[in-house]
Structures are given as C-alpha cells and as structure tokens.
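Read through the structure below, which is laid out as structure tokens, and then see the notes.
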Amino acid sequence: MKMLINGAERVIADALRGMAEAHPELVVDVDNRVIVRRDAPVAGKVGLVSGGGSGHEPLHGGFVGPGMLDAACPGEVFTSPVPDQMVRAAAAVDSGAGVLFIVKNYTGDVLNFDMAAELAEEEGIQVAKVLVRDDVAVTDSLFTAGRRGTGATLFVEKLAGAAPEEGAPLDRVTEVARKVADCSRSFGVALGAPTTPAKGSPTFDLPLDELELGIGIHGEPGRERRATMTAAEIAEAAVDAVVEDLRPSDPVLVLVNGMGATPLLELYGFGGEVARVLRERRVAVARTLVGNYVTSLDMAGCSITLCEVDEELLRLWDAPVSTPGLRWGR
Amino acid sequence: MAERDAGFFRRWLIMAAEAVDADADRLTGLDSAIGDADHGSNMRRGMLAVAAALEKEQPATPGAVLLLAGRTLVSTVGGASGPLYGTLLRRAGKALADVERADDAAVREALAIGVDAVAQLAGAQPNDKTMLDALRPAVEALPDYAAAADAASRGAEATVPLRARKGRASYLGERSVGHMDPGAASSALLIGALARTAADE
Amino acid sequence: MKMLINGAERVIADALRGMAEAHPELVVDVDNRVIVRRDAPVAGKVGLVSGGGSGHEPLHGGFVGPGMLDAACPGEVFTSPVPDQMVRAAAAVDSGAGVLFIVKNYTGDVLNFDMAAELAEEEGIQVAKVLVRDDVAVTDSLFTAGRRGTGATLFVEKLAGAAPEEGAPLDRVTEVARKVADCSRSFGVALGAPTTPAKGSPTFDLPLDELELGIGIHGEPGRERRATMTAAEIAEAAVDAVVEDLRPSDPVLVLVNGMGATPLLELYGFGGEVARVLRERRVAVARTLVGNYVTSLDMAGCSITLCEVDEELLRLWDAPVSTPGLRWGR
Amino acid sequence: MAERDAGFFRRWLIMAAEAVDADADRLTGLDSAIGDADHGSNMRRGMLAVAAALEKEQPATPGAVLLLAGRTLVSTVGGASGPLYGTLLRRAGKALADVERADDAAVREALAIGVDAVAQLAGAQPNDKTMLDALRPAVEALPDYAAAADAASRGAEATVPLRARKGRASYLGERSVGHMDPGAASSALLIGALARTAADE
C-alpha cells in the first residue's frame, strides 16, 4: 500500500511539523509530542487534556483550542502516548484550577494516563479523569477490557470543553464529562480495512461482497462479518444497536462519522438514512454532525454516535468552539 | 547457584532487543490478526531505546539495569505493552534493590514480583490470552533458564485456542480464537533471550 | 468495490436528503438539486452560484452559507449539472443585485453554465461568469480544452464570497473572482484511483509501487506515471510545478488538499514538506489550510493550490465564513 | 426519395435509447480509460428520459420530436455530452421547422446543421478525437443510412490512434492515444439506430 509519507518511523513527527505550519494558534512541541493552545494556561480555567494513538485525526490534536481541549498528546499510530507526554501537557495547561484527563477506554490509554495522573499529582497538579467507553459492539463486563472509547470522545471533549468557558471548576467539568460519557453510545461498520504505516498493508482482508459490523477505530476486525448491505440496512443495524442500549427519552446529538476513506457524498447519504431510522424509532434529533472526525486512517466505513442531551448539554454543544477540526459560533 | 551481575542483565536486554528487532514484523502480524497491528513496532521502539539507554548509562547493579530498562519502556513504548513490560522490569529491579550480584533464586523471586505486579495492574487472570500466559509459567520454571524459555514458548502457543478476555483481542469475542497473543509471543522472545544469556555464561 | 450507498442511481438524491437533515441553515431542494442558504436572497447582496459534478464534497454544496456561496448545483457524480438547476439557483439567490456564476473550466460545466446564463438573463437576472482554470498539469493553449478547474475553486468561492459582505456590487465581485482565479495555480498527485458508483471499480489501475503525477479531480489518470516517491519528493515536484508557473512575489495562501482517502495524519506531514519547500524557494506563506476540501470521491492522493494575495485578498480570506465545510471568524 | 414522419424519428430515438442502455457499461468503460467514467450513465439517463418524454408527449412533427429530445437531453444529461447532443437535436429540429414529413435530403440537411452547431459550440476540429469524428462522416454519407452507420463506426474506430485535443481526454496528452473516444462510440450507436430504423421502414 502506498502512503503519502517519508517513512513509517517519521509519520508522527512529520505530521506535527505540518500542524505547526498550518496552525500558528497552537504550540506544537514536535520533540515531546504535545499540542497546546497558544494562550495556555488560561488564568483560572480548568485545563482539558486528551490524547491517544495517532491515526484518528482530527481527534485529538485537531480539537485543541478555545471551547474544547487545552492540549493533546499524540501517540504513535494506534498506540497510546506515554506518561511523559501527558505530564508535560498537564503542566503546560494547568493554571492552578486543575486538569481533566479525557481517556478513551483502552488498556494502554488507561494505564498510561493513570501513571501520568500519579506523576502529575506528585508535581502538585490536581488531576481528574474521565473514561470514554461508548462502543456498544463490545460487551460491557467486569471480566473484560470493557467497552472501547470511539466517537463519543468528540462529544465529551466538546461539551466538557465548553464548561470551563462558563466558569465551571474541575469537579463540575468532570461531572459534565462523565454525564456526556454516560449518555453516549456508538456503533461502527467497516467496508474496508485501514493500512498502518508499520504494517504497510491492510490490517485485515475483507472480500468485495462483505463488510464488518461492530468495528473499532484501530483496524481491528469487527464482531461479525456480513454480506454487503445497503446504506439503509446499515443505518438500521447501527441505529438499532445504539438505541436499544441507550434507550434515549431526551433528544440526541447525532454524529455521523466517516472512518477516513468514505466519501462525504456517501456519508451524507448514510446520514439521511440514519435520520430516517431515528424518526421511525421515535428518537428526537437535536443536532447532527456529519464528517470525518474520529477516523481510523484510511478505513472505509462509518460509525454513528448518539448523545442524549438535556438543556444544559445542548447549550454546551451550541457554545462557540474554535479548533482546527471543529469550529463554530465565534 | 550462579550469581548474575549488571553485565548479565545488560547482555540479556540487549539480546532481547535484537530478538525483538528481528521478529518485529511477526509480532505486528500477530497483532494485526486480533489487535491493532502495532505490537512489533512498539516493542522494537522500546527495546532499541532500552539497549541505547543501557549502552549510554551503564548502570552498575542488576536492579539499576532493570529499573532503567523499565523506565525506558514506559517512556517510549506507550500502548498496553509499555506500562506492562515497564512495570515488570521496574518492580523486578526494585526487588533486587542495590545488590551487586543476584543469585538465581533472587532473580526468580524478583521476576515473580514483577509478574505479580503486571497481573495486578492489568487485572488479568491466567488464560485471559495475554503476555502473562507466557510469563507466569516461565518464571515458575526458573532457576532452570532453558526450561523457562521452553515454558514461555509453550505458554505462548497455548494462547492460540483461547478466547481473549483482556486487551484489544477481547473486542473480537469468539473471533480471537485461533491466533497467538502477540504479547505472549514477545514474552517468549524476552525469556528466550534470557535463557541464551544464561547459557552463554 | 463496496460503497455506502443504496444504489448508484440514488446517490445524489440520498446525499441531498442527508444534507437537508444535517443543515437546517440550508434549503436543500432534493428534486431540483439546488442547495440554497436559507436566508436567500439577501437584500441588496450579489448572489454567488457555483456547482459542478458531485464527488468533490465539501465542494460545492458544503461551501454554501454566509461569506461564501449563496447556492450550489450538484450534478451527477463527476458530471456537470444541467442548466435548469443553475437557472433555478440564480432565481433563488438574486436580490436584484445580480448573480455571479463560478465555473470550473470543463467543457461540460462551461457549456451548461453558458446555456443557464442565457436563460437566466432572459428571465431578467443579471449574470456574470468567472472561469477557474488552475491546474498547471494541463497545457494551456487555445487549441485544447484549457486548464482544468481544481483546488483554486475554494479560493475563488471564499474570497469572492467575502466581497459582497463588504457591499461590493456585481462587477466588483466578479473582478475579485477573476483576480483570485488569475493568481491561483494547482498540482495534484494520485496514490490510488477513486471508485465511481456508476463504474463500481477504480477508474484506473495503479500498481502498488507507482503513482500518478498531474491528476485532476475526476478519476482521470495523470500526465505521468512514476515510481513511488516520498512525501518530501512529491512536495518538491508539486511546489515546483506550481511556483514555476505562478512565480509569486507576494505571499501566498496555501491549500494542502486531500483527495478523499488520504488520512489527515499523512496530509499534515505532506503539508510540512510543502512548507519546507516553499521556504527553500523563498515563497512567503500568508495562511495554510490543510484538509479534504476539493476531493475526488475516495481517491488517495493530494493536491496543492497556491493563491498569491495582496492585502485586499488576505483581508477577504480572513473575513468570517460560515458554511458546513469552511467556517471561521464568527 | 423516402419521406420520414414524426413516428420515424420517435422510433429512431427509442431504438437509440435501447442501444445506449444496452451498451452503457461499455461507454463508461471507454470514458474510464481517458475520461471520468460517466459517459455511459450520462447517455443512458438522457436517452431513457428522451424515450419517456416522447412516449408521454407524442410530438406530431419530426421537428417537434427532435426539439423535445434535444431539450430533454440538455435538461437531464449534464456533462459535455448533454449540451452537445442536445444542441445537435435541437438545431436539427429547428431546421425541420413544422413540416409533417421530411424527405431524406431534408433529414441530411437538418442533421448537418446540427453537427455544425455542435462543432461551433464546442470549438472542435476534425481529428480532435470527439463525437464529431463519428458524426461528420455519417452525415456526409446520408441519405444512404447503411453507409452512414458504417461511416460512424469507422469514424469512431478512427479516433483510437488520435491524440485528444478537446474534452477531458485532452488532459491526458499522449496517454489519450490508443483508446476510442466515448462520445464517438455513442454517436456510432445513435447513427446505427437511425440506419436500423430506416431499414425497418
């Protein structure tokens, strides 16, 4: 598989250099792999830090900016960053009001952020953590690694990121983040596998007439392989999987997310089907976002995430945000 | 009973780094089947950093070697394997404190403490299809290093029919059956290097 | 090739339905295939209309909104829309101040927009036209179809779109659009071919160790096939091709554009190389935009567009824009 | 000399629609090699719309049939071929005005006017590797319909070695050589249907 790179080992450093060129409003520390908004730490403001493996862009680095994250730590492709990055990010954004770590629920991310939290607290930084685990394709049980964190990360980062702008202190911001994480569910579908720089070929083989249901964002195969389905059928399967688990009574935010290589044209068509199925299931839609936001390199496919919102969360969603990947209202 | 100095542990980890470097594509391939296709590059990056750090800092005691190696893994690997292997070596290093030489009983004891720490950190049980399924039988076979290497290999092989309950492979449910756990495979490489280092003495 | 669709003949209608669901700020006429900002016609404001084949999203429909287009006409995939759509769009956005048609230079687009302009003028709408022809891979000559319109379309739509917000009348808006078109050049590279719904398989075959230089945005092969190059080498080839033709003395806007299936991670890395080469060629960069903006379905690859800007054009670039695909400053 | 009524032109265009429908994938394949892989679906969409419109409106004169067909193509095809084929039929229709029947000289004359209009609109010269390379020799061979069909086919074949100077294929430069022009291929289908319609009389 061809890639637009200079070599597998240079991918992250090169990308960070490019981010630095394109986004003067961010401070991109290429050597230490930390992306921080230029005006950090913002006096009196709780700092939001996230991070994870690379390959999901614009998540997380593209969500750094006013109204969302204060810093992000990009790991190697599909590999959790290391504690050193997270501690550095926390130190860079802490104004004394404390820092919230937003962590997608993967063993690696959890362990590394835990170590970082310990180290940051030793340095006198108050740290809270929230786990994102929204993927209903994974059985949630005490005896397993638990549900993966996927599309809901965008909702947690956006909604919790809006809270400090309203003056919320660390415990309140953490509460918002937990609430969003609790009220969000996702389901993903792959039409093709991504190619990682390290492997150089697709991470799994998918015949032309089959697709994978219940995939994650790391090129892992899904729970089930099926004969090709129409966009309408996929929307039904995905919406039903999410709605049966979430059982929303309030309106929802809808993220119709592309995995990287699915054209926006198709994604909008799929989004139309998602809207139809939600209407049929009598789920009210408050807002819809369509695009490539939580990706898996060049995976073909899509995911949907629903987040049930009350008035407060809807207000936080509509609040201004100004990041490379998500921007409105100001 | 043989006594092991800092040089032994240094030679072990450098040999392990070579083994991981040579087999990185196989490890990534295993991780591709039931994970996210990065275990080989993760371990190569980490172990090459370990070898470089040991070369540069030349720690004087077994404990210091393991501590440095563990810290380096934590700071360079990321993913699940970074904190886990990092914890294994750091805890084992701490257990050896600052003795100049450790006899094989002490080596076994230190590694057992490291493995227990990994199990606790990761919350994994035997047969969850993780690196522990190779590490635990290996440590139990010590101080017979050859037997330990053998046990680690067999432990890794034995993960093939298992259904994963921890790590990324668990997301696959039944579909994780029939593949070797990549972390168990890298553990077998590490223990294999340990046995070869001991045999070279 | 699998697609996230309900059938090739439904792709456009389905996508428009999805756009309507996601963007209440737009009026999406699914039957007549016209996308109009909801508050059109804006009193006293010159209307900007563009359109072209679908498959280049977010271009053009995703660029409808305050500060950019007033309406867009999506054709079938890679097929110019028909005059009926353009006339309807012009009628919907004309406040009496006239309408500017922004046309990418393809025989089909030119002929259809020409017919539409005639018809619209018969209906009493004042119409001006600007042609975008920025692709330096195509030899510009009177005896050929001339240069293709590609990435520069974004610059023309954004900069000309900002002019009416400053009160500019039709002739002034047209002048700005012409100036932007004249000052912009592009060059594109494909790592893989796109798959159109009609064909159902990649539009050309590209071996694993080759790439196409000088491609357009319609799945056509390029001018030249080459052995795989690094991101650095591709950046050198692309920047040199553009700079030698444009010979800019003023600073430039840089669009580092993904063709659809190239991960943002790679695109940023490529953008870093583009910035390096521009520095080496002593071209000053005013602003950089990195992302999938003028795409070719799921084509893997990238293009760069440079637009030389004076103070006026830079001011128009920084002016607020609020569309699904491009949004800042308000 | 034979005289042709509205039914003749209706039958021609319906037969042409069937031919295009049956060969759409081939046309798209040709367009895929040197264009953007849509000519087959463009022509199918347009010609099926023409057939439907003729069915519905049943225009009474040859000129009205061609005008309706041309307008329908303009409003449904898009791309380059929509305005070009649309202009061909509209101008031919206009040339026939409102006569009830046209003799074959008038048919030839009308189509020649249409072809000239296409050439002017599109600015294409002979051997630019376009639909004109099939249309022009065909019209010149009229009123011998069989010869016209033959000329159109040979004209389309003759585009293979040409280097395109108009349309999308021109972007390919030298690489456009060795492929048949899709528009010339669809023109051959249209003229082929015309000849079969005449033969059926």
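Letters A, B, C and D mark the chains in the order given here, with residues in each chain numbered from 1 onward.
In the analysis below, a contact is a pair of C-beta atoms (placed from the backbone, for glycine too) under 8 Å apart; a residue touches a chain by one contact, two chains touch by 3 or more.
Values in this document were obtained by computation on a predicted structure and should not be read as measured data.
Participant: Show me the overlap between the contact partners of subunit C and those of subunit D.
Facilitator: Intersection of subunit C and subunit D contact lists gives nothing.
Participant: Select the chain at the greatest separation from subunit A, using centres from the mean of Cα atoms.
Facilitator: D
Participant: I'd like to verify one number: the distance from the centre of subunit A to the centre of subunit C, where each centre is the average of its C-alpha atoms, in whole angstrom.
Facilitator: Distance between chain centres, rounded to whole Å: 28 Å.
Participant: Based only on mean CA positions, could you tell me how far subunit B sits from subunit C in angstrom?
Facilitator: 53
Participant: Taking each chain's centre as its mean C-alpha position, how far apart are subunit A and subunit B in Å?
Facilitator: Measuring from centre to centre gives 31 Å for this pair.
Participant: Can you give the whole-Å distance between the Cα centres of subunit B and subunit D?
Facilitator: Inter-chain centre distance comes to 73 Å.
Participant: Can you pull out the residues of subunit A that are in contact with at least two other chains?
Facilitator: 77, in rising order.
Participant: Which residues does subunit D have that touch at least 2 chains other than itself?
Facilitator: Expected reply: no residues.
Participant: Chain contact topology under the given definition, line, ring, star, complete or other?
Facilitator: Topology of the interface graph: linear, an open chain of contacts.
Participant: Kindly provide every pair of chains that touch.
Facilitator: Final set of chain pairs in contact is A-B, A-C, C-D.
Participant: For subunit C, which residues count as touching subunit D in their complex?
Facilitator: 8, 53, 75-84, 106-108, 111-112, 115, 137-139, 143-145, 148, 196, 198-199, 203-204, 216, 218-221, 223
Participant: Where on subunit D does subunit C make contact in their complex?
Facilitator: Interface residues on the subunit D side: 28-29, 32-38, 40-42, 45, 74-84, 121-122, 165-168, 170-173, 175.
Participant: If we count contacts the way the header does, which residues on subunit C are in touch with subunit A in the complex?
Facilitator: 1-7, 10-12, 14-22, 54-55, 57-58, 62, 77, 191-192, 208-209, 211, 228, 230-232, 234, 256, 260-273, 275, 285, 288-290, 292, 295, 297-298, 300-302, 322, 327-330
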